[in-house]
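Okay, so subunit A shows up in both of these, paired with subunit B first and subunit C after.
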Partner chain A sequence: MSTMYEVLPGPEHFLPPAAASMGIRLPDPGQAHIHGKIVNEDEAMEVAARQFLSAKVPTIFPGPLVLWAWNEKAAKKATAIRHLYETIKECVTPSQQAMLIPMPDYRPKYPKINPEIEINPNHPNLTIWHNKIDACMFVGVHCHQANLSLKIIRGGTYCYTIAMCAQAGHEDAMVSFRDATADKIMKLADWVKKLKGSVEPPKD
Partner chain B sequence: MATQSLVGTKNRAGQVVTDPWKLMHEAERTPCFFTGSEVIKEAIRRANCDVMIAYPITPQSEAAALIGELFAEGFIGDYFRGESEFAVMSQCAGSAFGGARVFTTTAGPGTMRAMENFPMWAGARLPIQMIVTCRGINSPLSIQPDTLEISYLLNTGMLVWHAETAQDFYDWILKGYMVSEEPDVHLPLALCCDGFFVTHTKDVVNLTPADMCLPPYDPYRSPVPCMDMECPPVRMMRDPFVMKSNYISYATHASWQQEVWAAVERSRKHAIRWLDGLIEVDRPNAEILIVSSGTAVSQGREAQALLEEDGIEVGIVKIKTLRPWPEDEIREATKHAKHIIVPEFNVTGWLAKEIRASIPDADRVYAGPHVCGGMTMPPEVIAADIKKHLGIKAESLAGRGS
Partner chain C sequence: MSKERIKIAPEMFEIMPSEYQDLVDRATYGKEGRGWKDIGTSKELIEEHSLCAGCPESMAFRYILASLPAPEDTVMVGSTGCTSLVFPHVGVHNIHSLFGNQNAIASGLKRALSVRFPGQVKDVVVLAGDGATVDIGLDMTLQAWFRQEKFTTICFDNELYANTGGQESGLMQKGFVAKMAPVGKTFEKVKLPEIARESGCHYVVNCTVSKPNLVEKVIKNAIHVAREIGPTYLQLYTPCILEIGKNSMEGLQEMRDSEKPTERFAYREYVSDEAKELLTELAAKEKERKAAAKKQLADKQLAGKA
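Let's turn to the complex of A and B:
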């Protein structure tokens, strides 16, 4: 399917389409995508870092695949994610508030989750709205649940979404990396550091 | 990737785990003269399957029984018979939820009886492979070839491929696992063929070496947690979705469904790579095209040769995958065609309807000829219908011998 569709911040629609159904294709190894367009990974690194630095509430959502040290890689990734978070915190201005909010599991929780301490794939918009998150990164979330969340966020919020995926990437994010490793996450932290001071902070 | 790191090691049957691309494209092939059922067995011998669950229904019973021999020889981890097709498909789900590579076979009324499971498999993102050896489904009972059951599978969220020959069948069983187990796809595959025409006839099939097999399935690449009893999709009947009436539940379920169909779309890239395209085109510039799938394509080729003797050039478009549906490819392949003939082995002409919905100037599509209930489709019938459609007088086959 040829497409003119772009994966952009919402709120997009009552029920937005899955980007894959609109002709957006996932990147091949070594590539990433920005708004559905395939780019080289460095280009996406720069865009992701700029989003973190220009957001009022740049947030990382680590999922169950990195929240528990179920293997050595997961533990290394978790350390890298903490480093990225600390780097963002150091590089933003006092008017910006970096956050690290876990997605510990995927259970539907009723009547609702506590949006101050967690995000849930069935209603991720609650956490985004409550904390006024305007840029976020998913990492360590199973692909199916990440896609659900990313699409719901695009549907109902203005949040800019980034996916650091260990598998093939996510079309439903505005920026997506694939084959994520601890090194790749550290590289993104390096980009944030490198661009510190060169990105205009958000205006009130 | 864990599966790649196992390349070069041996599996439980002593076969060498081989890079799948090398296995399918570079390994030496040996021609063998086999029935389609035997070909299914030989493909599964090399598929490194964990579980096969069987239930007898013609015309897949022979293949299911032959795979039992593979179990006895140590090539399958577990093999058993379910209580019915519904039970089989439910047991397949349980096995796949537990992280196994699963295979099963069914046909006709068996497919229909088990139908509730197929959208469940897709929604749960279970990459089970199911062979469908198509036969009649309606009363009065018929065990003969008929492809009506495929139309019921098209909206389940499963990948649906339609093999023409035993060679397709052999290759696509193995390639099917590679596509359906990709983490961005991770969906069940219904690999269909026309029962008896493919399963019970012999053909020369080029087989890969029996001492080489696919890498095992790696459940850690699954897009959903493996067997997590607290989360959907395994936890289906407690509070999630089904029990709640509110916008959040509806929106989550809607997004879930969209994600299944997004995964079907994502399979496109992998299927194009493994199957060398979703369609195959012969003589793309012909003004008359036969567009079909399964053994109707073979009959179309024979009709093509007959018409060539009369100076009528006809092209062939073989559709390999029905889900994902090759819409762009069909639009491109048919853009110069003035007449599009869609022969089918079913009464409703579901394939012609799909094609009509995909191309401009849909009145170019002639839905037919159709046969069903086990009738063969002589190439002369296709040739006669094409001539009739072109306004050329053709002899009626029904009157032969009178």
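Let's turn to the complex of A and C:
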């Protein structure tokens, strides 16, 4: 019997263990992970695209690294993210609601954030609960803030998390890519388009 | 940091919360001659804050942020206290240090910035309460001045530990009874402005924040002197209205009462000879700039009429 820990949608419990501490390791270049299992990147692309197409509220959370046009690469990624969002919107049924919600910075905001228009890494669950988000993708969020948020989301929500990481990936996401580029994001949009109509939409 | 880098990716602009759109479109980063008069006509570098209603510290924060000569190239260093509740809401780079450690952090930061960005202006401004500056962090405060570190230290003096319930601080006045200091203070308010002068600060001011134009002047002077010459120190009275038994509307009057000529916050200033020379030079340049701007405006109006 396999005893491998699986990174699955929560709510796990108030303080879920860091997936890394449970033996989950990061993928090598060209790879990704699904629920902690290292796979070929294309396999993960398909799973991520299926999650977007089968979720009631598929959502992309772009972080500061792509929201702010601080270099040419960032600007290209922003264009690709917008394209992915528009593609998801086109490919889902009218009963599904695709969202694009920014994480503009990491400051703890008081008295509270407006969960309809933004997500804060210190309490990402508020935005997820408020909008009933059941699948989301982090992109352009600095690693330590993404790790924090992904763990909070796994601890307190049932949301399926995907990380499109520009570095080595995230153990705490259910699906994690690494070395994200604008091309990789466009490729994910192609997968969404390719699978349109072949994934059963969510039941009400 | 170049102001050009403060822009939102065009595809993401419409989804950004309005305060970020405003920061890019209407804030005064990079504006020559920015000052407190921009408040109300441009986006301020402070969002909603979590200080008490009517708190003079919030006024001080607004004036200071509006007066920084180059906010896009400034790093502020804060410490534990009411000020640390505000820093998460400001649009200026900032570091929260350990309680009392702020001047040590700022020393290293200023040196690192000088090495990393040679020939570029990078201002470091410490902003902490009296507990951090005078009690817990006095060692670090003084050592930075002895070493002639080139940054500004601002102390928000509310004469006690406010957000922990009103304990006695070194800057509390003699005889004052606070909620957590029922016996009353038995020794005099520490004379930090005088100590600052003797410790090598080139520009020292002791005042309240009742007059925004005065706050703007002393902030700009202190930062320019620190940039070119050496350490500067501002002690600004920001009374804690809750801990001295006042109402929200009475903060301003409390400051006005405390700045009368015989009172402890009567305006006092010390400027070293080097700093005087620099400030005279800067004042002349500013006068020229204003005259040129006035002439340009008049020419424009004339051309419009023609």
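The rule is short, and it goes like this: the second predicted complex is superposed on the first by the 201 of 204 C-alpha atoms of A that agree within 3 Å, B and C clash if a C-alpha of one lies under 4 Å from a C-alpha of the other, contacts with A are read in each partner's own complex, and residues count from 1 in each chain.
The criterion applied here is as follows: a contact is a pair of C-beta atoms (placed from the backbone, for glycine too) under 8 Å apart; a residue touches a chain by one contact, two chains touch by 3 or more.
Note that this is a predicted model, so its numbers are computed, not measured.
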| item | value |
| --- | --- |
| Partner chain(s) touched by A:35 [first = subunit B, second = subunit C, both, neither] | neither |
| Subunit A residues touched by each partner, larger count belonging to subunit B or subunit C | B |
| Partner chain in contact with A:187 - subunit B first, subunit C second, else both or neither | neither |
| Touching partner for A:108 - first (subunit B), second (subunit C), both, neither | both |
| Partner chain(s) touched by A:147 [first = subunit B, second = subunit C, both, neither] | first |
| Touched partner set for A:89, first subunit B, second subunit C, both or neither | neither |
| Partner chain in contact with A:56 - subunit B first, subunit C second, else both or neither | neither |
| Touched partner set for A:25, first subunit B, second subunit C, both or neither | first |
| Which superposed partner A:73 touches (first subunit B, second subunit C, both, neither) | neither |
| Where subunit A meets both subunit C and subunit B, residue numbers | 107-108, 110 |
| Of all residues in subunit B, those that touch subunit A in their complex | 125, 182-184, 186, 221-225, 228, 230-232, 235, 239-241, 244, 248-249, 251-252, 254-256, 258-259, 261-263, 265-266, 269, 327-328 |
| Contact set on subunit C toward subunit A in their complex | 5-12, 15-17, 20, 47-48, 50, 85, 88-89 |
| For the subunit A and subunit C complex, residues of the former touching the latter | 62, 66-70, 74-75, 78-79, 81-82, 100-102, 104, 107-111, 114, 117-118 |
| Subunit B-facing residues of subunit A, complex | 1-2, 15, 17-21, 25-26, 64, 105-108, 110, 121-123, 142-145, 147-148, 151-152, 155, 167-169, 171-172 |
